Amino acid sequence: MRALATSPAIHETVVVDRRETLSGIVILGLYAPEIARLVRPGQYAMAVPPGGERAATALGVYEARDERISLMLAVVGVRTRELANLQVGAKLDLLAPLGNGFDLEALRDDVALVAGGVGLASMLLPAQHLTASGRRAHLYYGASTAEALVDESKFAELGIGVSVATDDGTRGYHGFVTELLERDGRAHDVLAACGPSPMLRAVGRIARLRGVRAQLALEETFACGVGACWGCVVAIDRSSPQAPRFPQASSAWDGHADAASASEYVYARICKEGPVFWSDELRW
Amino acid sequence: MKLETHPDLQVELGALRLRVPTLMGSGCYGSGEEYAPFADLAEIGAVVLKSVTRLPRLGNPTPRLAVTPSGLLNAIGLQNPGIEHYLAHDVAKFASRPCAVVGSVAGFSVDDYAYVTQRLAVRDEIHAIELNISCPNVGSEGETFACDANLAEAATKAARAVTAKPLIVKLSPNVTDIAAIARVVEGAGADALAVINTVRGMAIDVDRREPRLGNAAGGLSGPAIRPIAVLAVWNVAAAVRIPIVGQGGIESARDALEFFLAGASAVSIGTGNFTDPRVPLNVTSGLRTYLAQRGAGSLREIVGTANPGFLGPA
Amino acid sequence: MKLETHPDLQVELGALRLRVPTLMGSGCYGSGEEYAPFADLAEIGAVVLKSVTRLPRLGNPTPRLAVTPSGLLNAIGLQNPGIEHYLAHDVAKFASRPCAVVGSVAGFSVDDYAYVTQRLAVRDEIHAIELNISCPNVGSEGETFACDANLAEAATKAARAVTAKPLIVKLSPNVTDIAAIARVVEGAGADALAVINTVRGMAIDVDRREPRLGNAAGGLSGPAIRPIAVLAVWNVAAAVRIPIVGQGGIESARDALEFFLAGASAVSIGTGNFTDPRVPLNVTSGLRTYLAQRGAGSLREIVGTANPGFLGPA
Amino acid sequence: MRALATSPAIHETVVVDRRETLSGIVILGLYAPEIARLVRPGQYAMAVPPGGERAATALGVYEARDERISLMLAVVGVRTRELANLQVGAKLDLLAPLGNGFDLEALRDDVALVAGGVGLASMLLPAQHLTASGRRAHLYYGASTAEALVDESKFAELGIGVSVATDDGTRGYHGFVTELLERDGRAHDVLAACGPSPMLRAVGRIARLRGVRAQLALEETFACGVGACWGCVVAIDRSSPQAPRFPQASSAWDGHADAASASEYVYARICKEGPVFWSDELRW
């Protein structure tokens, strides 16, 4: 996506609000006036671990309003557990805003927003932006079970239709959200999605079949989050505007010997060139 | 101005003089500019650039990172555009860095090391060369240069022969006797040693039943390896007289001090930047406080003082 | 009773048959009774006893422990009453343990290993012998038996010659090529390999300016070293056909599974007991669930399945 | 000290109360009926780290009453920080009660209790026991600074005299608590102390000079806390009843060669044979 003119920095924020859903998802409200002002839809923050000893954690900026932002956390490992345990009053330092968000101009008239799990965190700001600029959107939202579906109402309040799916059928469509999207009759000009990789791949396939384009907000294990370590990459078309300038190269560890073996793709950094990519440019 | 409140943190690695003794680890700090929004580069000693090879390399398949307890596994696979593209497009930009710039050279043969060092070292933007000898040597069944005294010596000699710039050789901890390798590399003409590179490791995804890294194995860094790194510095410091750049899991001045007291003249911070980009500045300010509290006029005074075997830079 | 809900966790290490594949690491579980108030010993596979030497040893000066990020440094120094006192006063008590009992033998010469193994292995209370070859050999400038293929071979052969009981040899990670040592030890007659012992490390007290351990250096254990241990198992499993007891930082069934999938037939839990004495039982119950969910009838079915190079116990 | 007939176990406790002093000392109140019933003065607990990945932490049992106990925490490293961050409602598993406490019968008529820092945590139960059985006691209590002196009132309430010292002179005697004890005129039959090693050594010296005995509750880095790892040892007279049975042995790493070199001491486990030892039996 196009580089945005926001300048990231380290911000010292404070937890001012903490919600925990039945399914254990935690939403941390933070006093963070500068981030709230600067952040664009689809950008993220790196949360400095309060106890040190591990890399910072990448988190989408979920809400941003009135000097506050919020983060939505699913506990999957030690880093997210440590963050989810933060209580009101705790300090949290963030590197933000980071990455290139969605290309909002390219999200034209009728947009399908597709969210899987806490991928929802990256969908609210785009939804607000789309409705504010008078465009139509519909949210397809999937989770493992009914309890794990959170905050749909925030989308409905924007006047956005919401269709939900659960893996176990406890609410809405019984199955994956991408199956729901496929079966759904509605035609959309463009898709925008955030969620686990298999879901994003399926969204890419659906877009191809429908002859529309899809913007995918990718997730991968990050270390630096600022483009310094080349750890968070995804294979992308050499011709993509997001592809790093890079001569033809070999792909193997013994690459010293066969630079001639050209490859069609190069690795782009999700944290820097992304996290949002056009699905038809990915080679994954 | 009392001396005690402004202790001298200067360090010399061969002819490379740094105002503060903090280097940013190769592969962890990009070319410096990536961290410029978060850290004042004028307050760090040097950035060690991502390792560059003779030919371009796409790097390893994904995933390339896995988080482990107090550690990070990586297998980037030396993604880089190759020395020619690098010289043509990247190196000029390094001139604007307000700190020293150390080029990092990787290779798969002795000839690679000589060639890339020679091409890179002539450039004024590059103030010193670090030799990353942790690559497999294709000539000898994939054995790593840093794990074989003969190969380590040959790579060092080859690089030494083609440049008079300060030459730092980076040692691997994945050996039975790191001090023995250090001695050989010192003899081959290195000006300083970087101790240590990452420790070999692996994590397995038990759901998918395969290694979590695309490359299967990777290198472990971060606080988990700090005790391994401190001991490696301790042992090397009792074996050589050239300065040591200690590294492995440094996140604070106290962490850095473990390395200085063991015998390192400077430290390098890699993964610590991923925890918090303010770590390098916290390290230098914490060092100043520590020295001032003890009435030490310079960092040099305390280097190696916990290590009875310390030989000390000549 | 469906097979899937009761997967078979049995494992054989040579002639040592264990109901469940969990051993309690030598030096970490005393003789078992220390943990009896906190864990049901009938639910663990075996306790590996604290290493015993020919002559009594007071052990290292204090402090002997230091906490590091996700790890623990120790330098106990083999405090033990010596084999004669041990045989006379301690061994009889082991008969009452409701799990298998593995004796651990340490030594400073090939003759030590032979002597202590022979004296200990004749006792019925001892079901198998583990050879802790991570001690310095006084005959060769303090080189560690486990770090030299010839010494490792000699110690293994010496022990093998004096007992027909199952013989587990414990390898050190502090070597350039652990698979090469493993191959030699297999050839010398070991029935199984314990992979890995602690990783060499050091922590320095920056206030007192000296190492935190009385012995200066020590061995690093705990979750910090898990990635190092998993890779060691992975590499050894591609080099030998005898079963491997994987160890290093196991605190949960998922941790243990990393070792099984890499090629270990059993696992050992040391430092994990210091975190929580329920870890061994959590591991076995978690393994049962994992196998049942995947319809596996036995643990054996998944051993080595993440490792394309896995040779498999013959 | 003499082995006590309490049987340790793993207890699942819950934080029911949390106090934090100005100097950052945290007192966690726990619902732990069995421990409250079983614990003897000077015993301790091993706290299972809520996040795993590190050894359990040894903590003295500070208070015990009405199905509740409390722990007093000084944050010195990662483990104590993690525990100090626990909030009301959090679960905490404890191995307890552990170790041999004070030999209360040997604490005869007039006892000087000496506490340094959070060593105070191991002094309240003995104080309660002494006053309940009609014996006299006086507390000498030292800390770095006035703010770090906590809960003296709990001792005063028992009718125990309290003399305090601070390293910086912000309250009470300006200097070490052991200097205060030395200068103090009062004669005591016996001393009982808990605090940092240098303080305990000084208490031992004072006892020797005065010709009385001292019971010292030692601290050392623990790993297992249950006597399994021999990591927490202290050198002790071979003839002490607390000394492990042990043949004469060499002390060096090359001990294989010179078992004949007899030593006067052996290493006893602080967690098992202790944590309380008679000062005149220690060889440290």
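When the chains are written out, they are named A, B, C and D in that same order, and each has its own residue count from 1.
Just so it is clear, contacts are C-beta pairs under 8 Å (C-beta built on N, C-alpha and C of every residue); 3 or more make two chains touch, one makes a residue touch a chain.
On a predicted model such as this, the values are computed, not experimentally measured, just so you know.
Enquirer: Supply the minimal count of touching-chain steps required to go from chain A to chain C.
Expert: 2
Enquirer: What whole-Å value do you get for the distance between chain B and chain D if each is reduced to the mean of its CA atoms?
Expert: Computed from C-alpha means, the inter-chain centre distance equals 44 Å.
Enquirer: Between chain A and chain B, what is the separation of their C-alpha centroids in Å?
Expert: Chain centres of chain A and chain B, defined by C-alpha means, are spaced 34 Å apart.
Enquirer: Need the CA-centroid distance for the pair chain A / chain D, whole Å please.
Expert: So the centre of chain A lies 51 Å away from the centre of chain D.
Enquirer: Touching at least two other chains at once: which residues of chain C meet that condition?
Expert: 69-70, 222-223
Enquirer: If I count partner chains per residue in chain A, which residues reach a count of at least 2?
Expert: Each of 53, 78 in chain A touches at least two other chains.
Enquirer: Which chains are in touch, pair by pair?
Expert: The list of touching pairs comes to A-B, A-D, B-C, C-D.
Enquirer: Would you tell me which residues of chain B are touching chain C in their complex?
Expert: For chain B paired with chain C, touching residues are 68-71, 73, 147, 174-176, 199-204, 206, 209-211, 216-217, 220, 222-228, 230-231, 234, 249, 254, 257-258, 261-262, 290, 302, 305-306.
Enquirer: Any idea which chain C residues touch chain D in the complex?
Expert: 27-30, 34-35, 37-38, 50, 53-67, 69-70, 72, 74, 76-79, 81-82, 84-85, 89, 107-109, 112, 136, 138, 215, 222-223, 251-252, 271, 273-278
Enquirer: Give every residue of chain A touching chain B within the complex, in rising order.
Expert: Touching chain B: residues 7-10, 48-49, 52-56, 77-79, 93, 95, 220-235, 245-251, 253-257, 259, 263, 266-267, 272 of chain A.
Enquirer: How about chain D: which of its residues touch chain A in the complex?
Expert: 51, 53, 78, 81-82, 85, 87
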